[in-house]
Amino acid sequence: MKRLTWFLSALLMLSMLLASCAPAATPTAAPAEPTAAPTQAPQEEPTKAPEVQPTKELSAAEIAAALPRKETLYFNGQQWGPVVCWNPYSSSCNNAMAISQGDNARVTMFETPYLYNMLDGKQYPLLADGPWSWNDAMTEITFKIKPAARWSDGTPVTAEDVAYTWYAHVKYNTSTGASNKDYIEAIEAVDPQTVVIKAKLDADGKAVNPLIVAAYVSSNYVLQKAWTQKLEERTGGDPAKFLTDPAEDVVYSGPYHKFYTDETKVVLVRDDNYWGKDPSMWGKLPAPKYLAHVIFKDNAAGTTALKAGEVDVSQQFNSNVQDLWLKDGLPISTYLPEPPYNIGASLPTAFYNLRSYGLDQVAVRKAIAIAVDYDTIVANAMTNQSATFKQVPRSLMNPTPGEQALYDREAVKSLQWEGNDIEGAKKLLDEAGIVDTDGDGWREYNGKKLQYVATCPNGWSDWQAAIEVVAAAGKKIGIDITTNYPEWSVYQTVVTNWPLPETGYDIFMMWSAGAGPTMPWGRIRNLLSSEFAETTNNWTGNWGGYKNPEVDELIKKIPTMTDQEEIKKAYTRLVEIYLTDVPSFTLMYRPQSFHTVYEGVWTNFPHQGDGTNPPVPPLNLTDGWSIAGLYNLKLVNP
Amino acid sequence: MSKSYLRYFLNKLAWLLVTAVFAFILNFTLPRLMPGDPVAAITARIAQGMSNTTGMKEVYERYAEQFGTNKPIHEQFLIYMKNILQGNFGTSFSQYPRPVADIIRASIVWTIALQFPAIIVGWIIGNALGAMAAYLKKGFDKVLMPISIFVSNFPAFGMAIILMVIFAVNLKWFPTSGGYGYNLIPNFSWEFIWSVIVHYQLPFWSIVLIIIGGQAIGMRSMSIYELNADYVKYARFLGIKDRVIVRYVFRNAMLPQITGLALSIGTMVSGALVAEIVFSYPGLGYTMLNGVMGQDYPLISAVTLIITIMTLIANFLIEILYGIIDPRIKAAQAEEQGG
Amino acid sequence: MIHTLRQVFRSGKFVTGFVIFVSLLLIVLIYPLLVPDDPLAIIGLGTFFPPGIYVNVYDSVNVSPYTLNLPDATTKRIADKLGPKERQDMKEFLLAAGIPEEEIDIEDTAKLLDLWEKNYDPNKNIEGMTLAKMRYYQRLNNSLKGLLATEGLIVALPNAQTGQLEQVKVIEQSDYANINEVPNVRVLPLGTDNFGRDVLTELVKAAGVSLQIGFVAGLIATLIGLVLGLLAGYLGGMVDDIIMFFTNLLIVIPSFVLLILISFSIGQDKRGAITIATVIGFTSWVWTARAVRAQVLSLRNRDHVNLSRLSGHSTVYIILNDILPYIMSYVVMALILQISSGILAEAGLSILGLGPRTTEVPTLGLMMNWAMIYQAHVLGKWWAYLPVLVTIALITFSMNLMNTGLDQVFNPALRE
């Protein structure tokens, strides 16, 4: 027993050791040296006296060894591993709480000129002042920067910062630079407040793609020129070093910044000098002082914490989410009260390898697609967290009203199958002369048995469950489909590099784009455009190798169209071709973000019919216009 | 020490070195034999939102160059060896650009703090129970044995899940996940230390319970064996006190158990893996699993290297100690020299 | 031989273990004959249906009903929707809506419902009420509709010509169907899993597959371990050094790490159940080899072995005739242990998502893995994981119990 007590005390010592190690990573205070106060003060001065700032922050950090529950908003489902860096130029920082550029950019720490709202499809100004505008020839976008906008060091955000950010993206060939430089010629500062984005022009002098240019303003951060130059100096112009710098000293403009990170959590703290409390923007600070994200090992651990009231905003797949309020009676709710609980935005899709034997036949492709039991996929794989194809008939659009209104449903009604149509599928195959000639129970095409492998990455549970259902459908109509789940690291290298192997990847699942300012055009382009067909290193779409000149023509034209009727006609035609040719087919609808909230501490989260105008989308209260939700939060028991 | 012991020692040391070298090579090669392309995975992460294929290729080639995956494998090995000798484990693929050493430093403390006490506590309690069962027999033995067998053969994740469902989800006595309070920042305060201790309990006992069972069974057999050995009968015959005899008996029974203890150091990392996953507890096991899934060669190699070194040293020390204390091994040495 | 067996079966521990094991084996063999369903067939549209007897509603509407006038039927029906908690919640809402407390009598169902109907407004925004609570009241309100109705439910069908609904029959509140007369009744003793599969059918099949995996893995490991241990122990010298070198190498690179690496490398497409078993076998022979070697070391200088050697018998002959029989009991016990640890290893691998491919056969580990992925343990769906755990524990427990029993028989010193 003596020994036991000895070991218990050793254990205690170890834990103390641990605790004493930790302060090495003490919370960072606000930037130490605020540079000289802004030269000219436009209207009122939003920042407080800068010299008070550092000491004040430090003492706050010391007090907050425990995050007060009523000042902290907890998340899950976004951060799955420890944070690597704070460098907004890098796209591999694994820093989901602070850095995520894209159609619905995360604006907790860094900010975009505009905020995209997936619910109404509009872009609302953040750093920008008022709406942006095209020039008459539609070759240049002009917008102004808010006079009140400030960096965390107190200096104003200027047009020069926007221009230099772009310059750095191109110079160091970041992912932002690489993916936009074919469409954006230059970004220039006309004066300290005015930014001009010049589109790349084609041979006719028209913008190559005005949609992508317009999307830039809401999907990419503005970063400080002075800090960027400091970073360049530090890394000596080496692109690799530039992108891998941990950037702990980064200057930001958003309401939150780094407070603490380790292997188990990430915590951001509010900057009480945030410029956005100026009346020209939000007029106040966001409600939670801290945004915290505990790093869970899997969904189950995340759900357990949600049940325990340790998570307020859950962005993960909680299977049978309704049990949380129906069975456990917890104060938990989703954006919609009934299935599918969330707003579907992306379309996980099964692609056909059009080179596989028999899959070049439309009849075979369509027969498999209409035989699949989508209701089982929705009910079992997604536990009803997807709209059914009865509720939202299939097209190329996501289920949001904005996109659904973009095509003429009546015109393609006869093409929109709901699935589980075994007889219809058999009839289709019989009519095409694809029948079982040798009596083995499987159909042959030109004397050769139709035999396919359906696949998706291993461990992607809802996809795997869906692929199982696809395989079952094949068996019912006399086509031998087996399943196979390679590891993701193998899967991705195969699928993204044409040609696909002869077997093993006949029917395979990949994603499609969600909601964004270029959608649904961008999604349709990814799914159908021949520019991605049969290419290597293709991370975009059309992995099955579909080519159709008419589709290419429409995809090229739509971004330059202005007449709404014309656009609608073009989209309707694209849907018609897609549902006729079936180069791939949607298996389910998936939300842009899962949005499950716990109302034990905070309330007034966005939900359907919450009366906000413009409506706050359910995107974690951090992405795009959704951040407006942070300003609406209230405490349940103040 | 005697000359024969020196030979024994040198012989063991030589084998230790040879094993170390081969293990080192295996640690390097095994992860790299896995199919798939980790650089493509990094590129994929960077590619999100990228719609430009030439840009993609550039990114890919840049990283292939940086990690040296475009070089032949023997060249990669030389670079790896040079770096290791300088104490540089390289850069992680899956958590690029974090250095591997940094990742390991962050998680190894948790694994050691969880596993080391768990193994030792489990070992002590298990051996004590086993010895008691052997000595007391009858009732105690009848109850203890089946329970030990049942518990030691319970799947580790099952134990973790059941403990969690009962004590964390239903009774809410203990937290469900994490290494310390979800609302805390590590600092030196009683609140934090208490939180660490509370979070420690379920993962700790989920490991200890299984170890106890296994150790108790082993110790019980060894003790019964020794209790019935001739020297015990002889000692009893000579009228030596029972207490003295029991001390000798258990010391002898303990020896093989110590070997087991040394070797369980090697399985430490994998042993904690399940507890780490179920309780979202930070640690090396999960880090390594993530390394495997993300084909993070440098990370896998480094973790296996650490395990290898720890096991080798523990193993070596035990053998050396054995040579000193156990007369039977001394006899074997002599015999080996003879034959 | 017979004597040994008789002794073995006299050991209480062995018999207990044996009985458990054989019963499991019998269930695995007999159950599929009784319930020939495909264990992987998806029968449920939805996940985790709780255990119970599922009566086809359509069919029970169509069987001719019996009238039973049970006095407490109405009370039960009302209590099901309107328990004490619901009444209290209604009171809270009514209070918040400004109804004086003395007017609310939560015991009087009719009055309470009347008051509720007059005052409940789903769109009313009560200060401080959370969305979750508002939605709760909306659901409660919906469930109260028609609660006090005394008339029956009307079953109607659309007319083939006009499309108008026409009454087919009325189901009275006192109508009962005899379950034996309903043509479609399905018993799901352990409910369904996340795929909508019958858990019991799947579990029985999975237990069989896991046992196979255990046997294959155990046989391979024991065979390798035995051969290497015999060679190393008997031949000694260089052979011993080399074999021990490999064993040590496998000890310093823990087998579980190897197992993970290899399983990952094979890729899921090639990971059949037997492949996994083979991999487990090839990575877990080390202990057997070491133990066999130790046994052989102590045997090789025994008199009868020396005698045999002097008589000029070949090494193979000596190993087979003078050494093997003496360690056979030990090898049998090692085999049993290897089998049970093989089953555990498969389960462990599957939990990490590195187990056999999902679609052909279920295994205990895979069932566990899917239950975890769909969060059965968090949501309290015990039937999806607990029976699996118990099955694994029973198999390994019974085998180890047998092993301990054998140990006591073969090592007389261990006998009490």
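Letters A, B and C mark the chains in the order given here, with residues in each chain numbered from 1 onward.
Keep this in mind: a residue touches a chain if its C-beta (ideal position, glycine included) is under 8 Å from a C-beta of that chain, and two chains touch if they have at least 3 such contacts.
Small disclaimer: the values here were computed from a predicted structure and weren't measured.
> Return the chain whose centre of C-alpha atoms lies at maximal distance from the corresponding centre of subunit B.
Centre of mass proxy via C-alpha means gives A as farthest from subunit B.
> More C-beta pairs touching across which pair, A-C or A-B?
When A-B is set beside A-C, the one with more contacts is A-B.
> Between subunit B and subunit C, what is the separation of their C-alpha centroids in Å?
Whole-Å distance between the two chain centres: 28.
> Between subunit A and subunit C, what is the gap in Å from one C-alpha centre to the other?
Chain centres of subunit A and subunit C, defined by C-alpha means, are spaced 37 Å apart.
> Centroid of subunit A to centroid of subunit B, CA atoms only: how many Å?
39
> In subunit A, which residues are in touch with two or more of the other chains?
Within subunit A, the residues that touch at least two other chains are 298, 304, 307, 487, 490.
> For subunit C, give me the residues that contact two or more of the other chains.
264, 267, 372, 377-378
> Send over the residues of subunit B in touch with two or more other chains.
Those would be 35, 164, 169, 277, 293.
> For the complex, which residues does subunit A have touching subunit C?
The contact residues of subunit A facing subunit C are 298-300, 303-304, 307, 318-320, 323, 325-327, 330-333, 337, 375-376, 379-380, 383-384, 458-459, 461, 464-465, 468-469, 471-472, 482-487, 490, 504, 597, 599, 603, 605, 607, 610, 636.
> Mind listing the subunit B positions that touch subunit C in their complex?
Subunit B reaches subunit C through residues 15, 18-19, 22-23, 26-27, 30-31, 33-35, 137-138, 141, 145-146, 149-150, 152-158, 161-162, 164-165, 169, 217, 221, 224-225, 228-229, 263, 266-267, 269-270, 273-274, 277, 288-289, 292-293, 300, 304, 307-308, 311-312, 315, 339.
> Any idea which subunit C residues touch subunit B in the complex?
So the residues of subunit C in touch with subunit B come to 13, 236, 241, 244-245, 248-249, 251-254, 256-258, 260-261, 264-265, 267, 340, 344, 347-348, 351-352, 368, 372, 377-378, 385, 389, 392-393, 396-397, 399-401, 404, 407, 411, 413-414, 416.
> Provide the residue numbers of subunit C that touch subunit A in the complex, in ascending order.
On the subunit C side, the touching residues are 42, 44-48, 128, 130-133, 135-136, 138-139, 194-196, 264, 267-269, 353, 357-359, 370, 372-375, 377-380.
> Would you tell me which residues of subunit B are touching subunit A in their complex?
Of all residues in subunit B, those touching subunit A are 35-38, 40-53, 55-60, 62, 66, 94-98, 103, 106-107, 109-110, 112-113, 116-117, 120-121, 124-125, 164, 168-169, 172, 175-189, 191-193, 196-197, 200, 276-280, 282, 286, 290, 293-295.
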